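So, here come the structures, one by one.
Presented sequentially are two complexes of chain A, the first with chain B as partner and the second with chain C.
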Partner chain A sequence: MNIFFQQVLNGLTLGSVYALVALGLTLVYGILHIPNFAHGALYMVGAYMAFYLVGSLGANYWVAMAGAALIVALLAVLSDRLIFHRLRNAPPLHDMIAAIGLLLFLEAGIQAIWGAEFHRLAPPYPQIVRLFDLVAPAQRLIIIAAAFGLMFVLHLFLTRTLTGSTIIAMAQNREGASLVGIDATKVSVLTFAISGALAAVAATLFAPINLIYPSMGHLVIMKAFVIIILGGMGSIPGAIVGGLVIGFAESFGAFYVSTNYKDIIAFALLVLILSFRPQGLFPSGARA
Partner chain B sequence: MALWKHLVHTAGAVTLAAGFASVASAQETVNIGYTGPLSGGAALYGKNTLVGLEMAAKEINDAGGFDVGGKKYKFNIVALDDKYSPSEAAVNAKRLKAQNNTPMVFTPHSGGAFAIQAFNEQDNFILGAYTSVPNMTERGNKLTLRIPPSFAGYVQPFINVQMKTFGKKLAMAGGDHDYAKAWAQLFGPAWTKAGGQIVAENPMSYNKDTDFYSGVSRVLAASPDVLFIGGASEPTALIAKQARELGFKGGFAVMDQAKLDEMAAVTGGMDMLEGSVGVLPLIYDKRPGTESFIAKFKKLYDRNPGTEASYHYSTLNAVAEAMKLAGSVSDPKAIHAKLSEAYGKLPPEKNPARITSVDERGGTNANIVVGVVKGGKVETVEAASLGQ
Partner chain C sequence: MMSKTWQKPLLAVLLLLAIVFPMIAANDYYIYVMSLAYIMAIAAVGLNLILGYTGQLNLAHAGFMAIGAYTVGILTVDYGVPYWFAFVVAGALSAIIGFFAGLLSLRLKGHFFSIFTLCVGFMIYLIIEKSDALTHGTVGIIDIPAPTGIGPIRFDNTWSQYYLVLFFLVVSLWLMSRIVHSLLGRAFIAIRNGEDLAETLGINLMRTKVLAFVLSTFYAGMAGALYAGFVRFIGPAMALESHTFDMIAFILVGGIGTLFGPLLGAILLTWLTQSLQFLQDFRMIVFGPLLILLVMFFPQGLIGYWRERQARRAAASMQDRRLQRSVVGSQQEVGTNA
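What follows is the complex of A and B.
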């Protein structure tokens, strides 16, 4: 039974990190109408920023997280203003190519500065919490708590504030939103900033129990793509539930079946769910 | 930027080398080829291997070169980037031989080495393969030098140390890449043969996973005494750390790809690695000769050298010696035949890797020592002292 709860804990940890990344991806999908391939690179830059702020400037972990979120949010906004916004009248394929270009640019840039080797963010809370027979490193509990806290705040922001509602409105119908006087530029800047910040927070949360390297975003972004397809493109509850589904599938699959097959299990689940619900779990929640 | 610098550097080296080649008789320079990953994810590893060659060449050249048949020769290292790709390594090797007339080409990965083995005998150059895959020398290629000793030599000492200290139950949690599989195929059967028992087998993708917790808890559920782990140092360290966090008290048998000192950097000290056995990190090697190599390297590059650098440094010194013994800088067969004698003749400070000889198939032999973590320190244990 303890081993079972251990896997629940693992699933929650993985799932909440995936969900944070997928949330950013799904929000930006509402604006761009294509998945932003560069999102994984933003996640990676977030980890490097936290690593730099803690390692070279000696910042506190939470300060570094806020700093990384701010820098990556700025980077995401810049990428919108300088690249995606200018392509708004081009065919969607151009957005995709630009996103891939941005991904390669960010990866090469980080590698030129910090090199290709592994880096590590020292765990700020190395304690291990032992409850009965359950072993939980403090950092894993922090990931779960912080991720769910952030999702809750985001939910409140999107549903309970006027600014938040403009994001939803814009995702649902761009022309309609403009007609009722919503400033499209403001909304897209805000959306990109939120998605960048979410990616950076996810990376900073996950970094202390993992390694930092230029291609670290690939794995996570691939999972995030699966999650938003699973949850329904553009759907916010879909991203959260999808993240947890994939997290649990990996954690239980790795334990009860084989570590080698855990990705197969996650993808088999995707195929299964999509064959019964081709529109995803929560179809076009934001674009309805 | 690093890539650009490298491109400029390589282009410079190639032009320079081409210049040298045309006036080879006057300048008396011997070009030595190198193809390895100098950009991309394995760039650091590639540079660590290349630096050993460059250091040896610089030292030999600064001392006025080496005598072959009454003439003084200098080394010039021509390095090309193959991005860790076997096909690009083969193209580079062809090019090095054709353009720079290199009697020897080094490569630090088994894929590239296997690809080059397809034509190095016809093209007449020695392949210096930095890989401990035993298979490298089993194919009867007469112009191959396998630089490190085969990893098979580590299997028995690792088993002896771990079984004696922790017990007979082993769980296999190594990587799922080719090199780790080759290791596991030797290690598992040898463990059972020594009277042990394998209680769990769960290879993991060390480079492709986001998290190892589930995989590690899976093997620990079989309550093993010893864990076999290994891939690149950093993920290996994460696995060791997570095993300790989940309450594992036994020992780790660490495959030679991972280095104990690099792992300690991730786990925050040797405490979590207590009881591990692995290859001895070069910086803990206190034998004379090795120590002076480390000091020289630190002075030149301002960092600690790795095992890769020491093997390449020793080997280029041996190549110079073999050329002297063979009386030729351009006859690869004659040079290859003298390599064994050449390694034997090197003084310890020129042979920090302690290679003693080369067998008839082109594989090196060395005095194998292993590192055991005891009381937070890495202790040197001679494999011979364990009674194989």
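What follows is the complex of A and C.
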């Protein structure tokens, strides 16, 4: 029972982190229709920012998280304004290559400053929570609670506020949104800011139980891609459900199949599903 | 377009330069670097077929190069198979795996294809890294034998290996030129320019794209096999997508969808990184923004730019002639009217 519970907890932790990253990715895809390969680098920069704010400036964990979110949101907006916005009329190939260029630059830049070695963010809550005969590290519970809290807030923002609705409208139909007077520039700035902030928060949440290094974003971004392909590109519920599916598949796969090959599970799932359904599991996402 | 009359002499001069390069190079290290650039160029020429000519961004290319390299490494080191036999197997195996990967991935279009191949490449990396028994895992394979001699020719020093690699480069370029100038090559380009239109023209999309994919993975496998015999140690990192990104940079700098673009880019960027030794680890600080600036302001690359200029000049001179003729014509008209 306890072991099973541990796997559920692991799955939820992984799943909520993946879901946050995938949410940012799917929002940007919904608006701009570009797969932002640099999103994993934003996640990585987020982790480093938190590491820097806590480690070098002695900031509080939550302050560092807010700071990292702000910096990465700014970085994401800059990348849109300087690169992706200017390429909006270029062939899709160019967007993808530019995103790759950005990814390479961010990784090399971080490596130039902090080196290629592993860093650790000291866990702010090293306690272990005991409930009946179940044991759970506090950090994992915080990850799950914070991630789901954030998703709930995002959901409220997107469905209950006017600004949020403009994002949904834009994702559903670009021309239609422009026709009713939605400012495309404002929406894309907002979307990139949200996606960057989500990536930074996910990274900061996950950092205390993980390692920080320049290529830490690779696996996460690829899994996020798998998730949004499974969940439907541009679909928000799809990203959350997909994140949890991959999280659980990995934690149970690692335990019951093989730890060595746990990272392959997500990709194997992708190959399997796309072999039978090339259009993904939920082809009609928010995209019109 | 290049005028046909001086295309051949130019190629002959380039080939001659490549042949005398080892004699004028200051030391063996330069020859070594140039050979590496040629090997990367062979892989990039293959990637250019699917990316530049067929318009599909395949991010697993380095994975297929690793498959070729590991086939040679495993067969020669662990099973004592002669190099050239392993070499042939490497090309065949990359193409076979490429066939199945292509069948799966090419059902997806555009972005989905790129994302999927990114995952395929990473799977190849993970499988190589985790399969200790077969691939020696993270340690990699060391002491891969150099290519065995053919007849009286030995390949035991940098010079002879340089010529061996050059030979394969010339063959790859010649073969690629035959492919892209054939009807099949036209079909690839038609798909790049518009899949719907290509299909309307009667091109079997799936079959043609898979063929382009298999050919490009075959090139990757061959380049990998050469790499294994030349560098003589390989590790799982060579399958990482960052190497695919390197090749994309080569192609973009030289000229996407041009025959010599990947070669030009590979040579230029390899020497650029070599001359900026301190940049070795941080070359991406330069390459990353370079990629972005290239797609934003210079997407056609060096050779593409040169061709465009030629075309514009030809058009301008054509227009001049037409203008002159019409001026002459109108003068005559004026003359007859008077």
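Worth pointing out:
Basically, the second predicted complex is superposed on the first by the 265 of 288 C-alpha atoms of A that agree within 3 Å, B and C clash if a C-alpha of one lies under 4 Å from a C-alpha of the other, contacts with A are read in each partner's own complex, and residues count from 1 in each chain.
What we mean here is this: contacts are C-beta pairs under 8 Å (C-beta built on N, C-alpha and C of every residue); 3 or more make two chains touch, one makes a residue touch a chain.
Quick caveat, the model's predicted, so the values are computed rather than measured.
Residue contacts after overlaying the shared chain place A:Tyr261 against chain C, while chain B stays out of touching range. Once chain A of one complex is fitted onto chain A of the other, the partner contacts of A:Met222 are limited to chain C, with no touch recorded for chain B. Of the two partner chains placed around the shared chain by superposition, chain B is the only one that A:Ile3 touches, whereas chain C remains out of contact. In the superposition on chain A, contact is made by A:Gln111 with both chain B and chain C. Using the contact criterion defined above for the overlaid structures, shared-chain residue A:Ser275 touches chain C, although it does not reach chain B. When the two complexes are overlaid on their common chain A, residue A:Ile83 makes contact with chain C while staying clear of chain B.
The contact surfaces that chain B and chain C form on chain A in the two complexes overlap at residues 108, 111-112, 116, 219, 260. Those residues of chain C that touch chain A in the shared complex are 51, 55, 57, 104, 107-108, 110-112, 114-116, 118-120, 122-123, 126-127, 130, 241-242, 245, 248, 252, 281-285, 287-292, 295-296, 299.
Within the complex, the chain A residues that touch chain B are 3, 6-7, 10, 13-14, 17, 108, 111-112, 115-118, 120, 122, 126, 128, 135, 137, 206, 209-211, 213-215, 219-220, 223, 250-255, 258-260, 262. Those residues of chain B that touch chain A in the complex are listed here as 1-3, 40-44, 176, 202-205, 208-211, 213-215, 217-218, 221, 232-235, 238, 245-247, 265-266, 268. For chain A in complex with chain C, the residues that touch the partner chain are 33-35, 37, 83, 86-87, 90, 92-94, 96-98, 100-109, 111-112, 116, 218-219, 222, 225-226, 229, 233, 260-261, 263-264, 267-268, 270-271, 274-275, 278.
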